[in-house]
Each structure stands twice: as structure tokens, then as C-alpha cells.
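Structures for review follow.
Consider the two complexes below, in which chain A is the common component and chain B and chain C are the respective partners.
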Partner chain A sequence: MNEIEKKADIIIIGGGVNGCSLAYQLAKKGKKVVLCERNYICSGATGRCGAGIRQQWSTRENTELSIKSIKIFEKLEKELGQDIGLRQGGYLIIVHNNKDMIQAEKNVKMQKELGLDVSILTPDEILDVVSILDIEGMKAIGATFCPTDGHVDPFKTTHAYAKAAERQGAKLYKFTNVTDIKTKNKRIDCVVTNRGKIKTNIVINAAGAWSKQIAEKLNIKLPNKPFRKEILVTERVKPVFKAMVISFKDGIYFSQQDEGQILGGIPIPNEISGYLTNPTFDFLNHMSKTLTRYSPKLKYVNVIRQWTGYYDVTPDARPILGEVDEIKGFIQCNGFSGHGFMLSPMVTKILTDYITDGKSSDILEKLLIKRFKDKEITHETSVVG
Partner chain B sequence: MSDKVFICRCEDLTQEEIEQAIDEGFTTLEELKCRLRLGMGPCQGRSCLSLARRILCKKTNKSTEEIKLPPSRPPEVPVSLGTLASD
Partner chain C sequence: MTVENIPNVRTCITPLEEDIKVYEQDRVGEIPDKKFFNKNRKKIDEDVVIVGSGPAGLMAAITAAKQEVPSILLVDENHLFGGQLIKQSHKFFGSEEEKAGTRGIDLAIELMEQVNSFKNIKSMLETTIIGCYNGKNNHKLIAVKRLTKGDQLYEINCKSVIFACGAMENMLAFPGNDLPGVYGAGGVQTLMNVYGVKPGKEVLMIGAGNVGLIVSYQLLQAGVSVNRVVEILPKIGGYNVHAAKLRRCGVPIFTSHSIKEVYGKGKVEGATVVAVNNSFKEIPGTEENVTCDTVCIAVGLTPSIRLLEQIGAKTEYIAEAGGHVAIHDSSMQTTVKGVFVAGDSSGIEEASTAMIEGQLAGISAALLLGYDKEAGKLKKKFRKALDGFRSGPFGLKPKTCKEKIACCWDGGINY
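For the complex of A and B:
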């Protein structure tokens, strides 16, 4: 391997979508950026995710972040000069009982206040959106639907960010492991890697499920916990629906890609936190049962692959962003709890503004790590997978 | 007849496309998989991965042992959702 830089304005740890987007935006603002990725670009949660982008949430911050993120996704292909595989087929969120409908109505009201095009559908209208669903099988009484939600290709997007970052002068080092981070007078001083030492005053911790371990090197305790998540994909069949179908009650999500494959996941029953990577038969069985209950026609479609990835889960299922109080220059961009890909455009813009102009924002203030010291936290309840 | 050499038949990938991706810096089989969908079709890389490995060996001057195959993913052969859903 070649020599690495000895000095940088900013070092980003983690080559997922958030790390690569930060590398691009910070380099574009004239910063000297180095990104260290232990494996290869996209090797973690980004490259393993369900690729959905949605704006329907229960908390205001997530709704705002994702509305703005989708606006950025819509222009990203032009900005980066590469296809990112954006498709806006909508998200259909199935509602199963009156209690959940009350929550759904509350969510939709808040989402509409923020300007989102979202509506509540009757069972008949559900079938207009995705004809292969079985209302009785799903035990559906209705759904919410937002037509501008959709899907973006995580590989294409992250590779496009990485390329654009390199064009702006950023150095992206893959297979480069951060072994230590050193401080001087409570300020970041340098990062030690298996390829040498790099001087810097700013480190961004975007290491996904391993962010907790990175923070531990500086004696900062993150409340994040890694959870193994599983997902499967079928063979390609004729495209018959464009929306992502999800249910908070059953935890399932699935969609059909333009090429025809159906991709989806569901929580593994009784899963506990930990760094597990092996795929399970329990998942295959549980997912297939639920999926064929939602759409019995799919029982003849073949599964060709299942794999796992991590959710980096915080106590309130919302990300941890911004600088920690204890060490100047140590910035968090983690704890996405399964939504790092879809929130990445806005999250990385907010952090870029903070780092380059010292500009904070309401959202950033609310997502600082110190919120966990407060007695009451607002939990994001709209979570699947 | 076309002089294109197809390496991954499920995903329609030619030798030229693989060589181009290697030149762009995707120098492991897993990276090629992410970049090109190499080996992600119904056959799950049964024939293409070892062919792609040989191309990688040649282009990067490495031996076969030095180039790791991506982990194989269950269920290994296509199985219907109906079968997987049974008790």
C-alpha cells in the first residue's frame, strides 16, 4: 500500500454513505479530508440495507430530516454526475387496528404540517397501490401512503459520493484500521492507523455499529447497541408493484426493484444485542410466513439470497450527531438505528455546516449525545426491520 | 458473432466491464460484487466468481490464494417462499 497523508483538517472514520457524503461535502468546502475505512467502501450497514427512503415518522425531527433528505436525493444525480438509482414509488404503511390508526392519524397530521404529501388509505385504495396484497391476510384496516417516498441504490450513491469526494481532493483509504485516537488538552490531536499516524484536530465517528468502540478509545461512552438484522432477496419476476410495503406491528418491510427482485426483512424473533453475523433459518421461516400472508401469490417465487447487517441502535432510536462536550473536535455521526442511509443527505449537510461555519441548528441541538442525560426522551416509534 | 466475453451470465457482465471496474479501484471480489452485482443473480456466483478471480489475479499480480471469495449466502440454491414458510 502507498504512503498515507501525515496531516488533515478532518479525519472521518467509516466509509459508509454518511462518511463518504461528509468527505465529499467537506472537501468541496476546501477542507483537507482523510477518510479511513477498515474494510472496503460500503462494506457495513450501507451496503446491506433495504435501500428505502421514507418521510413518514412519528417524531418531528426525523420527519424534517427525511423531507429535506429526499429533496437532496432528488438532485443528487445531477450534483454528483452519476446515477444513484432513485425511484419514488411511495411507502405504504399498513395499519392493523384502531389504536394504531389513532397514532397514524396523529403522525399524518404532523407530517402534513411539515408540508408532506401523505394520506390515509382505505383497504380498497391499498390494492390500487399494490394489487398483490391480501387485506385479510395482513389484517389491514387501512394504510398511510406517501408517493414521494421510495428507493435509492446504496452502492451507486456511496460510490458516487466517494468518487466526487476524491475529485474534490479528499483521500479515501480503504483497508485502513484506526487503532487509536490521541488527545492533547482535551482536544483531538492525532489518529493512529495500521498504516501510520495522521495529525488532525477533528475526528468524525461515522463507524456505524462500531462507533461505540471508536468512542471508547477516548473514554466516551455511547449508549448505542449493535443489533443483527436480516434481509432476503428473491429471483427476478415481472415488476408488479413500486411501493415499499411496511408494518410497524409485524416489523416487516418489502419492495420490488425495477429489475424484478423482491427484497425485504423482518426482525428475528427474540434477537438480542451483539456482534453476530450468521444468517438464521428462523428469519427465513418467519419472513417467508409473514410475506406469503401479506401476499399469498408470492409463495411460488424463489428466494436466492439472505444476508445480515447491523442496526446501530440508540435508546430513543434516533441518531447521535455533533460534538461531545468532553473532547473538542470529536464529532458523532452514528446511532442511526436502521435509518442511516435515508437520513444521510441532511444529516451530513447539518454536520458540514457545523464543522465549516460553526453553525448549529435546532435539529443538531436536539440530537446531541447529552439528550440522554435528560429524564424524558422522545422515542421514534415508526421503526421496522 | 459478438467478441464480448461474458463472465457473469445472470447479471450480463463482460470481461471488459470487470477489467474496467478493477482499473477504477475495485480490487477485491466483494467490491466488484457491490459495484457490478457480480455473482448476485440466481446462480449466486457459481461460475463467474472463479472466472472473475482469475481476471483479478492477472490484473493485480496476485495469486489465487491471495484473493478471497465473498462469503456464500444461504439458501445456496433457490428455494420458494412457500417452501420456506412451511412448518
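For the complex of A and C:
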């Protein structure tokens, strides 16, 4: 391998969608950026995710972040000069009982206030959106639907960011493991990798489910926990629906790709935290049973692959962003709790603004790590998978 | 292809039936409204399951059976036992003990007769292991058995599993590589030697390793003409005996040459070959068009390790192994307790070493379950035999491969 740079303005740890987007934006602002990825680009959660993008959330911050993120996704192909596989077929969130309907109505009201095109559907209207669903099987009393939600190709997007970043002069080092971070006078001083040391004053911790270990090197305790999440894909069959179907109660999500394969996941009961990588038979069973309950028509479609990735989960299911109080220049971009792909455009923009212009924002203030010291935290409840 | 209204069927391995309806699919098929599977999945329990019945798998089964493991299941997705052996009509090289001088096809039959003589071995053909999972004390394998009337799904629980899945052929990227008439060498060998079908009339062979050389010769034996063999390296990779046989038949071997593209309307009509320099870059102006209807690619194999990865065995990329391989100890056990590997799946080598590794895996799996008939002594013998094969110039590559694997071993992970 070639020599690596000895100095950088900013070092990003992690070559997922967030790390690569940061590398692009910061380099574009003229910063000397180095990104260290211990495997290859997309080897973390990004290359394993469902890559659904939705704006229907229960907390204002997430709704706002995702509305703005989708606006960015819509223009990203043009900006990066490369296809990102954006497809807006909507998210159909199934509601199963009156109690959940009350919450759904509350969410929709808040989402509309923020300008989102979202509505509540009757069971009949659900079938107009996705004809192969079974209302009785799902035990659905209604749904919420936002037509501008959808799906983006995580590989195309992340590689487009990575290429654009390199065009802007950023150095993306693959197979480069960050083994230590050193400080001087409570300020970042350098990053140690298996390929040598790099001097810097700013480190962004975008190491996904391994962010906790990165922070530990500086004696900072993140509350994040890794959870194995499983997902499967079926063989290709003629495309019959465009929306992502999800249920907070059952935890299932699935959609059909343009090429025809159905992609989806569900949590297995009693899953424990930890770095477990193996796919399980329980998942295959549970997912097939639930999927065919939602859509008996899919009964004879073959599953061709299942795999796993990690959610990097925080106590309130919201990301941790921004600088920590203890060490100047140590910036967090993690804890995405299973929705870090769709939030990435805005999250990385907010951080870029903070790093380059010192500009903070309401959202950033709310997502700093110090929120966990408070007694009351606002929990994001609209979570699947 | 759509068969009987079921889309995405691999017709090459689907049994034919009277009146069966087979259609070419327009890109993707309709959502099937019929079941391919029989209604209920069957559950079976075994002590040791062996995936793959090549030389490694066959020997693993025989060895475990001799140790008196009560129930052994041998599974292969092919319709014949023997793995690569069933198409190897040539006499084997290697040691006498590992049947050098015997033809692969005869060896497969001989070993299968031995397998059949053991009451504690059950065998299943046309059965593909499609998934594997590990639990606390057992392993779960999901298998599909192809039957003319719908397939049967099996859930197999076992105490130990030996993966002897062999290898996959490497492909090359060049324009036209998806035209009908472009084959892997293994595919051509299967067509000729298993089914008695000639792949074409005029063949261009890519790769002058042993596989490329042997298959070229077998093509000649079958009455197919071989235009030439091209090899990107400056020297022939295979044994001299095989190269000499070809040359005597007038087939030229072009070293430092590669394939640039394949052309033709709807099928292969010819190919452009080109000379390369020391850094494998094409030398402009040296292009030559070769008229042929078949292009046969023999550029190496990659170990089949997907199931091993799924069950959680640690894998590493090792160039001398031919790609990623499962890290294993000197008993062929992977980092997952009770999961063993043998043969080409643990690094591309030869039938002879595959047989010994199979024996080592078979005896180690038996030992793990508490069956011990001079196991220690036998293990020593097998290891010594392997060392023997892996000495000398031709043994250097596998020797390095296995040394690197040993370096990656940092103790098993017990789940």
C-alpha cells in the first residue's frame, strides 16, 4: 500500500454513507479531508441496509431532518453527477388498532404542519396503493401514506459521494483501521492507524456500530448498543407494488425493487445486543410467516439470500451528533438506530456547517450527547426492523 | 425460464417430464401461483452431515463410517456422486495410495461402492444445501431435494457438519462473455464426459493450467478441434506431460497472450486474441481474429465457502488458496465448533489431497462426537501424507496456502 498523508484538517472514521457524504461536503468547502475505513466502502450497515427513505416520524426533529434529506436526495444525482437509484413509491404504514390510530393521527398532524404531503388511508385505499396486501391477514384498520417517501440505492449513493469527494481532493483510505486517537491539552492531536499516524485537530466518529469503541479510546462513554438486524431478498418477479410497507407493531418492512426482488426485514423476538453476525433460521421463519400473512400472494416466491447488519441503537432511538464537551475537535455522527441512511444528507450538512463555519442549529443542539444527562428524553417511537 | 408457470427455474438441473411446459421468460416472470415445494418440510436428525460428494466428501463419509459414527448423511446437489471425478476420464497423477493411475470416473464408482457398503451412511442426491445455521449444540441445515413433482424441503439437525463443496470456476470480463458458446472448462467437461454432448466444432481455450490442457486434450479425443490455447503468463502453468500431448496433436499454445473480445450475432462466431507485455497490458497491433464457435475459459477456481460464511466460520483472503477460505486447524475444524472443511473448499488443490483432507475431517468429526478407533494414530498418518504432497516445487503453493491459514488461526470460537 502507498504512503498515507501525515496531516489533515479533518479525519473521518468510517466509510459508510455518512462518512463519505461528510468527506464530500467538507472537501468541497476546501478542507483537507482524510477518511479511514478499515474494510471497504459500504462494508458496514450502509451496504447491508434496506435503504428506505421516509419522512413519517413521531418526533419533530426526525421529521424535519428527513423532509430536508429527501429534498437533497431528489437533487443528488445532478450534484454528484451519478445515478443514485432514487425511487419514490411512498411508505405505507399499517395501523392495527385504535390506540395506534390516535398516535398516527397525532403524527400526521405534526408532519402536515411541517409541510409534508401525508394522509390517512382506509383499508380500501390501502389496496389501491398495494393491491397484493391482505387487510384481514395484516389485521389492519387503516394506514398512513406519504407518496414522496421511497428508496435509494445505498451502494450507488455512497460510491457517488466517495468519487465526488475524491474529485474534491479528499483522500479515502480503505483497509485502514483506526487503532488509537491521541489528545494534547484536551484537544485532538492525531489519529493512529495500521498504516501510520496522521496529525489533525478534528476527528469525526462515523464508525457506525463501532463508534462506541472509537469513543472509548478517548474515555468517552457513548450509550450506543449494537443490535444484529436481519434482512432478506427474494428472487425477481414482475413488479406489482412500489411502496414500502411497514408496521411498527409487527416490526416488519418490505418493498419491491424496480428489478423485481422483494427486500425486507423484521426483528426476531428476544434479540439481544452484541456483535452477532450469523443469520438465523428464526428470522427466516418469522419473516416468511409474517410476510405471507401480509401478502399471501407471495407465498410461493423463493427467498434467495438473507444477511445481517448492525443497528447502532441509542436509548432514545435518535442519533448522536456534534462535538463532545470533554475533548475539543471530537465530533460524533452515529447512533442512527436503524435510520441513518435516510437522515444522512441533512445530518452531514448540519455537521459540515458546524465544522466549517462554527454554525450550530436547533436540531444539532437537541442531538448532542449531553441530552442523556437530562432526566427526560423524547423517544422516537416510529421504528421498524 | 418459466416451467409449469413457475418462474426463475434453473432448467439445466430440472428433471424432464412428459408434457412439461417450458417457456423462455421475458425478463422477469409472474408471481408464481403454484407451489414448488411439497407442503410440509421434513425434519431429520443426523450425527454427521457431509455436504458435497467429491473425493473429499466421499472419503470423509467412509472414514467417519469406519469410526462407527451411527448416522452419517452424504448430500450432493448433482445427480451422480463423485464431484469433479465423474468427468475426469484421464488417469490421475499423484500417489498410489490415493489411486494415482486410476481414472477419475472409475475412482468415483469405486469409492461410491465403498460408501454403499456402510449401513451407517445414508445418501441423498439432487439435494442442495441452501442454508445453514448454528445453534448451541447442533447445526441446522436447510436442504432442497429436486423431485419431478414439486421439490421437498428438509430441515436437517446434526451434531457435526463437513463442508466439502469444492470450488467454482472463475470467469473473465471481456466484451461478449455472455454470448452462448462461452463456457467454463468444467462445464465443457461435464457436457462431453458426463452427458456425451459436444460443446461445438472449433474451440478457443483460455488458460494453460492443468485444467485448460487436460480439457483441450479431451476435446480432441471427442473429435472437437481446438484452434489454440492462449495463456496470459509467459509460461505454461500445467504439467509438461499434458502440454506435450497437446503439442504433439498440433495444438499451439500461445503464452503471453489473452482474449480481448468475443463476437457474433446471438452466438459465438469468433474471438480476438492479443499479445500482452510483462505487466499484462495488451500490445496494440497484435490483435488476431480466431474463428471459433466455442470459447472455453480455464482460468482457475475459487473455493466455495458461502455456506461456511453463513454458519459463521472465520474466512480470510489467501491468494494461494484461490480466494477467500475458511480458516481451519490441523484437524480441518473451522472456527465454529463441529464445523469442518475439506478439499477444494479449503484451498484449491488436487483430488489426492482432497481425499486425505476428507479422511482427516471425517476422523476429527467422529472424534468430536466421542468415536475413537485409533484416531490419534490415523490423524498423524494423514497429516504426514499431506506434508508429503505439499513438498517439492509443485507443492509449494498449497504448502504456503496452508501455512497462511495456520497463521490466521487464533483459536476456535465456541458458540
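Rule of thumb we're sticking to: the second predicted complex is superposed on the first by the 385 of 385 C-alpha atoms of A that agree within 3 Å, B and C clash if a C-alpha of one lies under 4 Å from a C-alpha of the other, contacts with A are read in each partner's own complex, and residues count from 1 in each chain.
Note that in this section a contact is a pair of C-beta atoms (placed from the backbone, for glycine too) under 8 Å apart; a residue touches a chain by one contact, two chains touch by 3 or more.
Keep in mind the model is a prediction, meaning the values are calculated, not measured.
Visitor: Both complexes share chain A, so when I overlay them there, do chain B and chain C fit or clash?
Guide: clash
Visitor: Could you tell me if A:240 is touching chain B, chain C, both of them or neither one (first, second, both, neither)?
Guide: In the superposition, A:240 contacts chain C only.
Visitor: Looking at the overlay, what does A:155 touch: chain B (first), chain C (second), both, or neither?
Guide: first
Visitor: After superposing on the shared chain, does chain C or chain B touch more chain A residues?
Guide: Result: the larger residue contact count on chain A belongs to B.
Visitor: Thinking of the overlay built on chain A, is A:260 touched by chain B (first), by chain C (second), by both, or by neither?
Guide: It touches chain C, and chain B stays clear.
Visitor: Look at A:285 in the shared chain and tell me whether it touches chain B only, chain C only, both, or neither; answer first, second, both or neither.
Guide: first
Visitor: For A:298, is the partner it touches chain B (first), chain C (second), both, or none of the two (neither)?
Guide: So A:298 meets both chain B and chain C here.
Visitor: Just to be sure I follow: which residues of chain A are touched by chain B in one complex and then by chain C in the other one?
Guide: 235, 279, 281, 284, 298-302, 306
Visitor: What residues on chain A touch chain C, complex-wise?
Guide: The touching residues are 132, 235-240, 259-260, 277-281, 284, 297-302, 306.
Visitor: Please give the residue numbers of chain B that touch chain A in the complex, ascending.
Guide: 28, 30-31, 34-35, 40-42, 44, 73-75, 78-82, 84-85
Visitor: Along chain C, where are the residues that touch chain A in the complex?
Guide: It is residues 6-8, 28-36, 131, 133-134, 140, 142, 310-312 of chain C that touch chain A.
Visitor: Considering the complex alone, what residue numbers of chain A touch chain B?
Guide: Residue positions touching the partner: 40-43, 47, 155, 159, 234-235, 279, 281, 284-285, 287-289, 291-292, 298-307.
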